[in-house]
Amino acid sequence: MNVLSKNRKLKGVSGTIIAIIVVIIIIVAAVGVYLVMTSHHPTPTVSTTNSLISTTSSTSTTTTTSILNTSNPQSLMQLVGLTSAPSTPVTITVWDTYSSSENQSFIQTLAQFEQEFPWIHVKVTPGAQVGTSQFETAAKAGQAPIVYRDSSDSGGALFAAGLVLNLSQYLPPSITSLYVPTAINDWTLNGSIYGLPDDVNYIVMFYNKHFVPYAPNTTDQLIQIAEQVNKTYHVWGIAYGASDEYGYRFAAWFAGYGGQIFTTQNGQIVPDLNSSAMVNALNFWYNLTYNLHINYLAPSSGVEGQLFIANQTAIIFDGPWDLNEYLQALGPNLGAAPLPVVSQTGLRAEPFIGSTGWLIATPQASGASPMQIKAALIFILYVTNYQSDLRLWDVAHDIPANMQAYNAALTELKEGKLQPAYLNQIMEGILEQAQYGQKFPNIPQMAYYWDSFHEYASEFFAQKISANQAAQGMEQAFVQSLIQNGLMSTILPPPPIFLIPYIMLLVPVLVAPIVKIKGKW
Amino acid sequence: MIQVKKHKIFKILRLGISYIVLIIMAIASIFPLYYVFMTSFSNAPNLISLAISDLFPKHLYFTAYKELLTTNLYGGSFPLWLRNSLILAGSTAVISVLLALITGYALSRLDIPAKKTLATFIYIVTFFPYTATAVPLYLLFAKFHLLNYIGLILAYTPGTSIFAAFIAKLSIDSIPASYEEIAMIDGLSRFQAFLRIIMRLALPVVALTAILGFSGAYLDFALAYSFLLPNIRAWTATIGLYYMAGLINPASAPAYNLFAAGAVIMGIPLMALFIVSQKMMTRAYSNLAGVKQ
Amino acid sequence: MTSYVKLEDIWKTFEEKKKKTEVLKGLNLDIEKGEFVVVLGPSGEGKTTILRIISGLLRQDKGHVYLRGKIVDDLPPKDRNVAMVPQNYALYPFMSVYDNIAFPLKVQHTPKEEIRKKVLEVAKMLRIDNLLDRKPMQLSGGQMQRVAIARALVKGADIILMDEPLSNLDAQVRVMAREELKELHRELGTTIIYVTHDQTEALSLATKVAVLHDGVIQAYGDPMEVYKRPTNAWVGSFLGNPPMNIIKGVVDSDSIIVENYRLGIPKDYKDLVKSGEKVLVGIRPEDMEIDNNGVLEGTVQMVEDLGAYSILHIKINESMIRVLEKSISRRERGEKVRISVDVDKMVLFDASTEKNLLLERGVKKN
Amino acid sequence: MKKDKVINFFYILPIFVVTLFLFLFPLIYSLYISFTNLSLLHFFKYSYVGLANYIIIFKYGYFLVLLKNTLIWTIGSLVTMMGLGFALALILNQSDLKGRSIFYAILILPWAFPGFISLLIWQGLWVDPYGMMNRLILPMLHLPRVNSLTSTADAWIELIVTNDWLSFPYFMTVFYSALQSIPRELYDIAELDGANVFTKFFTITLPSLKKTIAFVFITSFVFTWNNFYPIYVLTGGGPGISTETFIVYAYQEAFSYSNFSLAAAWSVISTLFVIVLGIIVIRYTHILDSFT
């Protein structure tokens, strides 16, 4: 019997070796085929599909004259260098990343647009996602949409990668006057504009008036109120999951302690997280959580919202996008106010003032023709003009980025026009926060801030490392990611030296199967 | 007498423990799903799992189900997407079965040069993770204009059918060759004999592959989203559900009650398929033990 | 008569994990229409392979297959219009008996009522018309065997291949099935090629028997003819139970010296052998008798009482022979007996080629 | 004779073509781009950079930490899942057990219900102190509370228990039907010789299932090794990166950093490990010999 099995084992060995050789041959052959296949650039293919159903149109409000009138079709066409509507209709593909409530307003804007520009046919794809790789992979295959709505920071990365059109080459510099400075500033990188904003978003402090008599203005007041709430109502003063954070909300406190995410060292943008500001900010929240027990370290912002709705916590930090849910739960008890001043430094906690807006993909990514680019320009100018932005504010309470719409909204609040009445005061608190905010950095380096912060902040709040170690670790991880992704130049050590220990590790793993065959396992 | 008594006690003990374990595991299986049902019957969009009071709700709301089944977004609606999902999953199941059984038949019956190397190669290649196949697959299918249902089915089938092919091989091994030979003599070609006789005799494996193929395609979100996004009427139930529940764009608080209601509706056909094929499927696996010692 | 089924110089080797086993080594077989040919041989010598080659399930390495006078090497099984009854009957468990029998006709899209008529006719003939709606699992071995045969007959194919169909039936059922088969063949007149390792089946059923050994047909002809005049020593010892005794002998003028006893030369071989020549002498146990003035003398080693007859194992000097006794034998172990031999029924084989001297040197008798 | 070989090859052709296009092409594509600098910055024009990505992995990457985590995750959940499934299969396989099909229908629920909602529910259940696990169940069993935000061990418990819940029905089904096909006579004879439950288990049940266990082990090992979804949803890599595995890291690298080449490098290394471990198990149990 053993003769048979020995020979079978030998055969077995040769079987696997043949298998490996066969696999390698196939890989080599296929790589050759692949290189041939992709030697020429992916040819862009224009996809034409049927039109979207058009819905009812609505009344258009009166237009006020300004240097650039983006509400009247004729002036819009002139802006993009068209004297009259072209004879043949033009189709543009649009990826719409509005939420279902924001879409109610977008449908009306779209209907009006198609009335005023019958020659532009808009193919809308709802349900697209903000700031993900979906747009990138589509671009790689040359099938990106011509118009895409994205957040300013991820738009910045796309622009730096050459996937997004530089609008400054197509529109006059005076275009910036149409928009709220912080918003258009968000969409500017090294002096060129790559997108037009349609709203501004940032976090504010929501509080439950039942527990909190007045909005705390400084962190000391915040602590005092939170302790008070704890004692009397036995609910959490604050619910802020600092450890689940990726640094979007924490950046406000970091700024409050005088920190800044980036600085320039001999002409190169470098991270600047390892500062006393970061250490103090981390310790501030550590103190509130572990020593004073007035902050609940929530595992996710969703849980914070649930506790706030269930009157289990007095204060949370969230954006206006969850406003409806809190209105429905708390009603008049809901209060909103800007983040407090950090008592230690006297500086205000400044949240990121981000913005979402419309950008146009480069012809290489979307295969768009020059005429389609012109139509796209008209489209994005139109959907970010006064009427559209104001409609977005009225329907979905998005904070307007269009200057005229922003002022109109402010006057509405002053005159207490919003229904129900207490909503006006809440909105005022929210809009007030717009003055105390920091620009949402839109340089490509920003993409690598989030995970670096999260890794070390979560370890710090798990009480595994000190604040100093966390700050240092964060910056080091940030620098490493930048180097890995070629955004920070440094000389890599010569490869062979430090590779040896790892190769030693790999050798036993690879040798094991052969050893096994020789001796009895 | 003592001997019999000891044996009896041991039997009672064994059965007792068995029932306790089964009951505990049964409760553990139902407990989380009970929450899904409770969330689907609430009108507030949050995910019920925190407050004990929600465990026994005072009032059941059908708002989530109503909204899910009635809203119409740009021509797309949940019933339409559910139908798309059933068609996609059904055809994926059929093609996975065909691919798995044909391969299993070839591995079991036909003598093919370097069969062992081929089988090892096919098996080992599936070790490659999804994270690495997602982008290349998208680019490949985009190049061949396959970003549609056909492409999706092609992308879903190999995973299931390669695993199922090996089980099919074992099951066909245990079927005597004379069954198909007789059919061939009676006037069927080898392929017809495979279709009408072997597929019928290897029904347990067919059932198993069908389930794996169906649920794989039915529940997928990532691949379907990247392929079907541009055409809202072609969406599958999972994409539609993620979009309606606001999970695609976290710009607004997600409507978890909608999400739970969608999951419940999607669960019904899946449960039905499981129960229908569960008996057949259990026999399929029995052939696994038939592997030659 | 032109040959109805012809196998011409068939070679077939099987390769199992790099081990080559040659099964058929240039086999030839020529079967006339309507014959009941039984291919007989020890198991594992390629009997089933022959059937699979005729049916087209297996392709021969070399040589040709002719059916009804035409070459069919390239025809797939479905176009050869043959029927087969496999050893394990292969009835589809998920179909009723009726559907099983009707399957070949359904496959050829014969109209429904014609199928019904044919199935009922065949079922009546094989007396299984009362089992038509049962499932194969509910049938006994004998019933399953008859359903398998019914399925083979319903197509009306005039060549039927049978692979040891009676082997897994118990004794009495097997005897009855054998008689039914013989009756069926007489009734239908189809050409049947029947494969078995059981000699009684071969001798009772066959109109022609083909003894297969070592990849070649050793003997082919009327069963009794082959039984009486085996082509060689192997065929002689293989056919017949208890087997023929083969003993070395030397020709001496008009007699043969066997174990230094003198036996007469059978008259058929009188002028074929030369004095002093070494030969192999084949004597069938039933051609010898215990009788006091018998020529041979030996001691009884063992007695097998089988009811109808008994077999005596007798040692004569160095060699052992078996002798048949009609009734229950009264001999005991160790008893000395004398044996008489019906010399003319003996068969002489060439010592080296083991071929029957009669066929090799004598005039061919047909 | 040759013609048959060609026809036979047509039977194996479909699976071969499918594997070539849908597994081999991505494998080669990833292998190829792991030697380039394809990322968001070098999107359309990317160049060959040799072993740079691999150097980065070994020099800067958390290679050893991720390897340790992946092994904990794979072996941790695999052993418990298969153990639980096997035990339940044994219990259900007892001939004198009543109500077997009802229990079976209930126990198969976690596998038969859409998984994406179950994970969200489990995320809620594990919230400390409000989730049901920490408020109701763990105190009831006198077990310490589990908080995946503050301790890695807790994070692993949370992940493995949830993964067990999702997958134990699959293993229960596999082993249940494998047990069914062991011929009853073996047990009857053993009983005659007076074998008690344990000897019957070790002498009959285990040996006849050895091959099944090996086949299921390899397939599930690879599936769990590549299964990043539960970790990604529940702990997002846990406190720091203490519960992050190769594939979770590669997923973040590819889909949040858009550094496709580095992600490809990580995937290639991870697959290398899996293939080596896979071949070792295949060699040891000769599982594939009986397959061909």
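Letters A, B, C and D name the chains as they come in the text, with residue numbers starting at 1 for each one.
Going forward, contacts are C-beta pairs under 8 Å (C-beta built on N, C-alpha and C of every residue); 3 or more make two chains touch, one makes a residue touch a chain.
What you are looking at is a predicted structure, and each value in this text was computed from that prediction instead of being measured.
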Practice problem: Tell me, please, which two chains come out on top when C-beta pairs in contact are counted per chain pair. | Solution: B-D
Quiz prompt | From chain C, the most remote chain by mean C-alpha position | solution = A
Quiz item: Quick one: chain B and chain C, Cα centre-to-centre, how many Å?
Solution: 56
Quiz item: Taking each chain's centre as the mean position of its Cα atoms, how many Å separate chain A from chain D?
Solution: 33
Practice problem: Return the distance between the CA-based centres of chain C and chain D, expressed in whole Å. | Solution: 59
Self-check item: Whole-Å gap between the CA centroids of chain A and chain C
Solution: 87
Self-check item: Residue numbers of chain D (touch at least two other chains)
Solution: 24-25, 27, 29, 124, 127, 130, 254-255, 279, 289
Quiz item: Could you say which residues in chain B touch two or more other chains, in rising order?
Solution: 47, 50-51, 116, 120-121, 124, 135, 139
Practice problem: For chain A, write out the residues touching at least two other chains, lowest number first. | Solution: 16, 133, 140, 303, 307
Quiz prompt | Of all residues in chain C, those that touch chain B in their complex | solution = 52, 55-57, 76-78, 80, 82-84, 86-88, 90, 92-94, 103-104, 107-108, 151, 155
Quiz item: How about chain A: which of its residues touch chain B in the complex?
Solution: 15-16, 18-19, 22-23, 42, 45, 47, 49, 52-53, 93, 97-103, 124-130, 133-134, 137-138, 140-143, 145, 302-303, 305-307, 309-310, 321-322, 324-325, 328-329, 356
Self-check item: Sites on chain A touched by chain D in the complex
Solution: 8, 12, 16, 26-27, 30-31, 34, 41, 132-133, 136, 139-140, 157-158, 160-163, 241, 243-244, 297, 299-300, 303, 307, 364, 444, 447-448, 450-451, 454-456, 458-459, 461-464, 480-481, 483-487, 492-493, 495, 498-499, 502, 509-510, 512-513, 516-517, 521
Self-check item: In the complex with chain D, residue positions of chain B that touch it
Solution: 11, 14-15, 18, 21-22, 25-26, 28-33, 35-36, 39, 47-52, 99, 102-103, 105-107, 110-113, 115-116, 118-137, 139-140, 154-155, 157-158, 161-163, 165-166, 169-170, 219, 221, 238, 256, 259-260, 263, 266-267, 270-271, 274-275, 278, 281-293
Quiz item: In the complex formed with chain B, which residues of chain D make contact?
Solution: 5, 8-9, 11-12, 14-16, 18-19, 21-27, 29-30, 87-88, 91-92, 94, 96-97, 103-118, 120-122, 124-125, 127, 130-132, 135-136, 165, 168-169, 173-174, 176-182, 197, 207-212, 215-216, 219, 222, 225-226, 228, 247, 250-251, 254-255, 260, 263-264, 267-268, 270-271, 274-275, 278-279, 282, 287-292
